[in-house]
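Structures given as structure tokens follow.
Next come two complexes, and both contain chain A; in the first it sits with chain B, in the second with chain C.
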Partner chain A sequence: MAVSVDEAVSTGPTRDHTPPARRLGGRGRSVLEVALLTVLAVVMLFPVLWMIETSIKENRDVYAIPAKFFDFKITLEHYKDVFVDPDGGRSALSVAFLNSVVVAGVSTVLATVLGVPAAWAYSRFAVKAKKDQLFFILSTRFMPPVVVVVPIFLMYRQVGLIDNKLGLILIYTAFNVPFTIWMMKGFVDEVPAEYEDAAMLDGYTRLQAFRLFTLPLLVPGIAATAVFALIFSWNEFVFATFLTSSDDVRTAPPAIAGLIGGTTTDWGLVAAASVVFALPVLVFAYLVRKHLIAGVTLGAVRR
Partner chain B sequence: MAFISPAMLLLLAMSVFPLLWALYLSFTDYSATRGGPANFIGFGNYTAILTSAQVHTRALTTLIYVVGAVGLQTVLGFGIAYLISRRTHGRGVLTTLFLVPMMLSPVVVGLFWRFMLDAQFGVVNSMLGSVGLGQVEWLTRQRTALLSLIVVDTWQWTPFIMLIALAGLTAVPKYLYEAASIDRASEWFRFRTITLPLVWPLLLIAVMFRAIEAFRLFDLVYILTNGGPGVSTETLSFHIYKVAFLGFNTGTASAYGILMVLVVIVLTQFYLRYLNKLKEG
Partner chain C sequence: MGTVAAHGLRKSFGKVQALDGVTLDVPDGSFFVVLGPSGAGKTTTLRAIAGLDKLDAGSVHLDGRDATDDTPAARDLAMVFQSYALYPRHTVYENIASPLRARRCSSGEIATAVEQMSSLLHIERLLQRRPAQLSGGEMQRVALARALVRRPRAFLMDEPLTNLDLKLRVEMRTELTRIHRSLGATFVYVTNDQVEALSMADQVAVLKEGKVQQVGTPTEVYERPANQWVAGFVGSPPISLLACHTEGDRLVGAAGWTLPRPRWTTAEDGRELLLGLRAEDLSVEQRGNASLSGELYGLEPLGDRTVVDVRVGTEILKVKARPTVTGTPGERLLVTVDLDRAHLFDAGTGLSLSEAGR
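So, the complex of A and B:
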């Protein structure tokens, strides 16, 4: 009987009673695998749970040594601080969240409006050097942000787009268009071109055929693609931090990062702000979980 | 083409034009703060960068980081995917739970690990203490700072490899395994001759993708260690930032950036060629 590496490992702890272990080899191994998965899941999720826990702890307990895992007092004070200024009125963080909504939302709409027709054209028409064009488009997405930000900074300084929401919207759109085109091309490829051909035989123009017959079938794909673009823009940090400075314009990532530094850091507030920031992303990601592989590989891998 | 040109124009304006500008600046001694005219200095910036010992150090740091982080992610991610693929119940829930770190912003990830790795009140040291181990200054010692960076990146991106490996594993046709078990092939033999060869092409895509992303890493360094202590966690991206925004040597930074872009373009070409081969094959 051949012994695999896994079996060799799994019989390790139960060596004292070899006969039953051998008979139950399959089950013993299965238990071990479940145990291993559980441990890995706990390790992967612990930082997230710890973040949530810290966000509802009183400051005393946040800095407790040794760390308190269960016996702490629950408070929602940090969440209040995220949205409300100590002097009353709106907090700088809540303004940043609003800015993030505007910037991510508008840039996503723009990227969709520009990207979907392009994806359709790449899928349906014989475009010259199509493959090269598509490769070029994806290459722009791989540019290191830090490298791009230097000339963008100089360019924006010339035209007055520094510390301006429009500047951020433009650069996020430019970064999401390649993704939208690649992702959407996959979805368009899945809709048979014959639908449009048949409609055109019935006297519709190509554009009408697209709008009336193909577009409705693309809606789920467009929604999924837009959600990913939204997440990318929402999470983006490098451009946001170098191209904006004032509280009125700054988006949430640099605003949250700005909470540290100085001599003391209110980690409870950082945790609460992080939870508020991450929650919509997780909800959205859950909604598009079917397309997650295509989404995170920028539309390159589809299953 | 009316449908493509608006998107193309935006890309030309926001990606290609800035790069061409950077290319021009890379041959000058321009400084964004000093202002004044940019003097043409030929390949001066390039030779300065390529012969700089500082840059070599950053290149080595980046290499260690990329190899360490991507290597760990691959092993862990594939391992988790393999374990999940062998389960029949609760696969969906497990996968969803494992994917959480990947969806978080690098800002959130960086800040939070900074808190957890804090030498005084960090929960990691607290747990080490409770099992009788010594305290570690994770982010303020040279060796452990780079290690911490690798660990945090691994934590965030293991799910990425896992997700793609899982797609590969579930796509392996069942009848292959059935045929192999009729032939009484050992499990290790099945893994080596069926699972691995079929999953490998897709896994390689994931690994290359991660390598490109890791090579340009900036935000996590900025938040977690700010390049320190000393320069021990300064990656190439982070060094460019310092040259450009703290040293104000815009010309030098541009040349530095162009060199990085060249590396990225080469890596991306490999990645896309390979991807194309996989799609056609």
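So, the complex of A and C:
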């Protein structure tokens, strides 16, 4: 008897008003959602949390068994070790970070400087076999970069670009230009060509029309594209490992990986170096977040 | 000076022949309207004159000098776009100043010119706004001001009134005519609205499928259409066309009616013809010697007049009548025809046969 009353109360009105997918009801569903999201967040964020914790633990606590979650002494010793050599002077890691900044920065700037005008040209002009060319450009992204490591290595050896920052800059630029062209072409397509037509009739040249009237409207798109290019160059590991060897040239990803192995591994140093490595991209993305959002929604807000 | 001459313009987009040998001669100081339905190649013609699109063939002469390969900037023209193309990040002031900045005028000159232009077009209070903060009519005025701020060879206007509501459009028609008269400059004006063409133009070129059908004054185009298509496109309500042929001194309709043969026609007997009759050259109220019998099909009261649809055989005649006219559908009617103002076209080629005898 009690069961039938429960059923009558719970299923009667709800079935009329809520679609079947939401039968669980507001309370039950949000509890399940929160539970699932919590599990997901723990799984995703625990390694990050552990990395940050390890980077500020004393070595004694790093290796403690059972592991210490809360009651450890905080030290910034590992961060000092990232930048300063035990003998004083610059550490190898700090040189690697500087190399990463140079390589990622220059290759991103190059890819943007080459890719944006190319995207403009593909968007505005009648280019022969335009679709084929664009497909060819895109197709270079189908291939996993690892596939060409050996041929690139052999070519670079011939021209003396092995263990050379310029070599890394060139290869990263080569990978980022197609991406930049494709992403920027979408943004250029969104800007009406008539602004440039009007500017040319006003008396500007075609390039002036592009620079003065279209380019400012592309800034959000350029920022979004550059962030993606920068993240690729900053994080790239395979080419950096194969094409560089000396501490003067190596970028941060292989340098940090190089800390692991040998007789002992200084996990505190690895963790601190990883935190330092992750920060710039986060900060950069945060600074241009307005442009990133504007870039993604450009089509929705036009005129 | 400001003559624009386009000769044999050809341009195709893929398989579509947008311009198929368009030739226009725009005299200095005239208000020249290019009229045609959408897809006729009007905008393409204008863009070719402006130098924005590369031509497949043909030449553009400005003031008698070959400008076919000149850049848009070198052609010294100004253009008003259908979408207005106002620079979204610039203020109204900067938009209007842009042509002067491009030509490196001093800021004093620019301030004077912008001020003058904004008072002419009544947009002084908008100068510090951005295009997104303007209404359609205001954007239109700003676009016009940006074109008029300079004294170029000629002004090109691409359907500038199409995006305005009817009341504003009528207002701007008068205003544009006034501006044209006060400047005495050459205007090349593209539109698909025959009322704009007839009311504003000194000269009209009627364009269809990339070919010029007729060039002439509005009166010429209306009164003496070169072919059946022009006759049908220009005029509202549209001209009524009846299939017929001549037999001796009679004009015999395919539907069985007969009319006296117009004195001026030279068409030989048996040739398939189309008789073109404008609504105002027909009457259901007066009696005359030439008339067609039909039945009332419908009434369209338009306030100042009523258009009476009369069915003659299987064809419909549109007749202009006084607004007081009444009747019931199916009622028999006699339609009096002013044959002196009628048009005859060859049914095959569509060409007018009226010119020869007049």
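Going forward, the second predicted complex is superposed on the first by the 259 of 303 C-alpha atoms of A that agree within 3 Å, B and C clash if a C-alpha of one lies under 4 Å from a C-alpha of the other, contacts with A are read in each partner's own complex, and residues count from 1 in each chain.
Here is the rule we use: contacts are C-beta pairs under 8 Å (C-beta built on N, C-alpha and C of every residue); 3 or more make two chains touch, one makes a residue touch a chain.
Here the structure is a predicted model, which means the values were calculated and not measured.
In the superposed model, A:151 makes contact with chain B only, not with chain C. In the superposition on chain A, contact of A:205 is made with chain C only, not with chain B. Touch criterion met: A:142 reaches chain B, while chain C stays clear of it.
Looking at the shared chain after the overlay, A:281 reaches chain B, while chain C stays out of its contact range.
Contacts of A:171 after superposition on the shared chain: chain B is touched, whereas chain C is not. By the touch criterion defined above, A:216 reaches chain C but does not reach chain B. Judged by the number of chain A residues each one touches, B leads among chain B and chain C. In the superposition on chain A, A:129 contacts neither chain B nor chain C.
Common to the chain B and chain C contact sets on chain A are residues 303.
Residue ranges on chain C touching chain A, taken from their complex, read 47, 50-52, 71-73, 77-79, 81, 83, 85-89, 98-99, 101-103, 132, 146, 156. Remark: chain B residues 1, 3-4, 6-8, 10-11, 13-19, 21-22, 25, 32, 76, 80, 83-84, 86-87, 94, 96-108, 110-116, 120-121, 123, 126-127, 129-130, 155, 158-160, 163-164, 167, 171, 186-189, 191, 202, 205-206, 209, 212, 215-216, 218-219, 222-223, 237-238, 240-241, 244-245, 250, 253-254, 257-258, 260-261, 264-265, 267-269, 272, 275-276 touch chain A in the complex. Per the touch definition, chain A reaches chain B in the complex via residues 2-7, 33-34, 36-37, 40-41, 44-45, 47-48, 50-51, 54, 62-67, 114-115, 117-118, 120-122, 125, 127, 131, 133, 135, 137-140, 142-148, 150-155, 170-171, 173-174, 177-178, 181, 231, 234-238, 241-242, 253-254, 256-257, 259-260, 267, 270-271, 274, 277-278, 281-282, 285-286, 289, 292-293, 296-297, 300-301, 303. Only residues 192, 194-195, 197-206, 208, 213, 216-217, 303 of chain A touch chain C when the two sit together in their complex.
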